[in-house]
Amino acid sequence: MWGVPMQPDADVILDVRDLEAYYGESKALHGVTLEIRQGELVTLLGRNGAGKSTTLKCIMGAIPRRYGSILLRGAEVISAPSNKIARMGVAWCPENRGIFSSLSVEENLLLPPIIAPGGLSVEEIYTLFPNLAERRRSQGTRLSGGEQQMLAIGRILRTGARFLLMDEPTEGLAPVIIQKIGDAIRLLKERGYTILLVEQNFHFASSVADRHYVMEDGLIAEHILAADIGGATERLHEYLAV
Amino acid sequence: MDMIFGVPLPLLLGQLVLGLINGATYAILSLGLAVIFGMLKVINFAHGAQYMLGAFVAWMMASWLGLGFWYALILAPLVVGAGGIVLERVFLRHLYDKDHLFGLLFTFGFALVAEGLFRYHFGSTGQIYSNPIPGGMQLGFMFLPYYRIFIVGIALLICFGTWFVIERTKLGAYLRAATEDPVLVRAFGINVPLLITLTYGFGVALAALAGVIAAPIQNVSPLMGSHIIITVFAVVVIGGLNSIMGAIITGFALGLIEGLAKVFIPEMSNTVVFVIMAIVLLLRPAGLFGQEQ
Amino acid sequence: MFKNPRSILIGLVLIAIALAAPAFVYPVLLMKVLCFALFASAFNLLLGFAGILSFGHAMFFGSAAYVSAHTIKVLGWPTELGILAGGAIAAVLGLLVGLLCIRRKGIYMTMITLAFAQMLFFVFLSAPFTGGENGLQPVPRRAILGMIDISNDRVLYYVVLAIFLVGFGLIYRVIHSPFGQVLKAIRDNEPRAISLGYDVDRFKLIAFVLSAGLSGVAGATKAVIFQLASLTDVHWGMSGEVILMTLVGGIGSIFGPLLGAAFIVGMQNQLAGLGEWVLVVQGLIFMTLVMVLRTGIMGLLSDMSHRLSKFREQK
């Protein structure tokens, strides 16, 4: 159902090559190339405006003007509509969390349609994030920032998508909450989800990820394995410094 | 004879019933405008023309095919709604990323074409459509035709049915979410463009339905659309386009107020809605129901 | 006044054409074009340079037509005073409607202006002094300043040309003034203009009043030319027509509305015998322009000259 794998290595879930993207006249990505394998947790690090969120949006098909190649389990999706890409087992947790104010917490949670079996049940999600259960009848945007983030993560776990695109899930949250989100992400990794995580919080990223891509000016500037992270710390600080 | 504020009771009640019927039409039309605006961000200027088309399709079905009111009640909205779907797929779709005023101007152009063609073919005087439910009730203080009861009933049914679907069902949750952030909803795997097309078709069908039920109580005339659409715009300004319930309540309320104006200040019956709009703009600039972006 | 040499050239050529035109074309038709060119230019000041789509400009045009017709015909005022009165009333009306509609944004302003225009239509429909369906007629063509006899169409033509040039010149000046620059800044990015400290609503209101007043002058002049003020002038169809003229010529281009007015008036003249087909044709033009030519004739021309110069460079 994922299309005919063209890669010799069937393990590769996402293969992005020479990805370019435009907002109006301005070019945001200048040829991004990256690869993610089954079950990996990979981060995209970099400053504001480096092109991390844009890369996620392109993979999700949410930017109209994108060029290059994006293979999803071997199938080319560079010009596929966003809803088709979602149906191929990709789910996106956007930067602004995307909680709908005209929907209740539970409606928000139930909104994304089930696209494959094997997703978490509503009860499991409420067990993972008990705060949501308490406030299921509230208006979605009445939740605190941390709760909204839990809701944004929770709702894409229901759908059965196994490849998650998460855009700065820790942004603007208190350390306690960040820890909770980190626990949830580690749990997902244990369960075999493949995750591409956009982060500015390097400490958080290094605590969960297998590999890191560092972006700068719409390009991948560096690729660092978790094992090598110690030697790269100084360079990373340079990349991430404002 | 009973009098209220110097006005005979039957006259007052009669006008109130008429006002309620006008209000029902306003409610259905402004509801359709609000639903369309939510998803398309287009003010559908063709709404009046599509209301007129609904009445004419009913009339043509009756005169040319011998199909009566009850067929028309179902078929005319389907036919006109299907036309709306074609209009959206072929034209409107390409205007969403342009300035919103172009959608308004395009649908205005469509309204001119529709009105012009029907005026050319049928003239401006209008056609008679016979009452499907003749007779009425003698209430002692006034005579109440059955058809008027039917209109108010069916309008309430349509309005609250639509409200229920949008506010209380899964489909409605998709619509509400897509109104807020269509890109994200699409990224969840929902075919938002299809949802938009169907929404426009539904809004247009609502306008046509209002036209069908108006056909037996007024002349089926090519001018009926442009007469009513401007008043409905005022209703929409008063109620705002963000609240389904707001559109319904404002529609009925203004119909009633118009009915009262006909009795107490007849010289203002045509303008009272606009005067109320001015007052609302002075006192509550954002409209009676909620905020706008 | 015209700083750009190309504009000077275009301006001079247009004035030369305008001066010579009555020798070739029926003067009443020319006057109608001038009237609507002024109306469309005033409308374009609002739509093209402040980004406000009014769907009620007929109320300014039509009210002024009634006021000038009434003051000249019934009160016996001199023609020039009647026209000024029309413009003044339209400006006051613009102030009132502007104050109310500026409280809402974008598409709502459009609906509000349309609704107020409709209200005024009903007022004029039932007001005793408007002559109902027949309109106010015949408005006498009294000599301008007591000396210029305008009963002759050709003489009146030059008077109308002068009115047009004054009105158009004013619009040109406004657009190129610092005020006009602020308007354009608001049109392009309102939040930014607000953050720069501009009182955005006040700028919009002034533009609204100016546009309404000049539309009024156009309507008042129209009443003098045709010796008639009627319900057509305040009908929503008139509001639609002025939008169409601006759209045809090119929204936001200075000379566009002139071309648009000439095109639409010319077309109406050709289709006069066809009745309802005028509506159909207008509707089709609306639909076609919105779909394929949103920049109008002027956009097409600048696009063509752009391509031509590119083509020359390649050679």
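Letters are used for the chains, namely A, B and C, taken in the order the chains are written, and counting of residues starts over at 1 for each.
In this section, a contact is a pair of C-beta atoms (placed from the backbone, for glycine too) under 8 Å apart; a residue touches a chain by one contact, two chains touch by 3 or more.
Note that the structure is a prediction, hence the values are computed from the model and not measured.
Novice: From chain C, which chain is the farthest off, judged by mean CA positions?
Specialist: Checked the centroid distances; the maximum from chain C is A.
Novice: Please indicate the chain closest to the centre of the assembly, with centres calculated from CA atoms only.
Specialist: Chain nearest the overall C-alpha centroid, as shown: B.
Novice: More C-beta contacts across B-C or across A-B?
Specialist: B-C
Novice: Rounded to a whole Å, what is the gap between the Cα centroids of chain A and chain C?
Specialist: Each chain's C-alpha centroid was found; their separation is 54 Å.
Novice: Would you kindly tell me how far, in whole Å, the mean C-alpha position of chain C lies from that of chain B?
Specialist: Here chain B and chain C have centroids separated by 32 Å.
Novice: Could you state the distance in Å from the CA-based centre of chain A to that of chain B?
Specialist: So the centroids are 44 Å from each other.
Novice: Can you list every residue of chain B that touches 2 or more other chains, as numbers and ranges?
Specialist: Expected reply: no residues.
Novice: Along chain C, where are the residues that touch chain B in the complex?
Specialist: Per the touch definition, chain C meets chain B at residues 53, 100-101, 103-108, 110-112, 114-116, 118-119, 122-123, 125-126, 236, 240, 243, 247, 275-287, 290-291, 294.
Novice: Name, in rising order, each residue of chain B that touches chain A in their complex.
Specialist: 170, 173-174, 176-177, 179-181, 183-192
Novice: Quick one: in the complex, what on chain B touches chain C?
Specialist: On the chain B side, the touching residues are 43, 91, 94-95, 98, 100-102, 104-106, 108-117, 119-120, 226, 230-231, 233-234, 236-237, 267, 270-271, 273-275, 277-278, 281-282, 285-287, 292.
Novice: Would you tell me which residues of chain A are touching chain B in their complex?
Specialist: 60-62, 81-83, 85-87, 91-92, 94, 98, 100-103, 107, 110-113, 115, 156, 159
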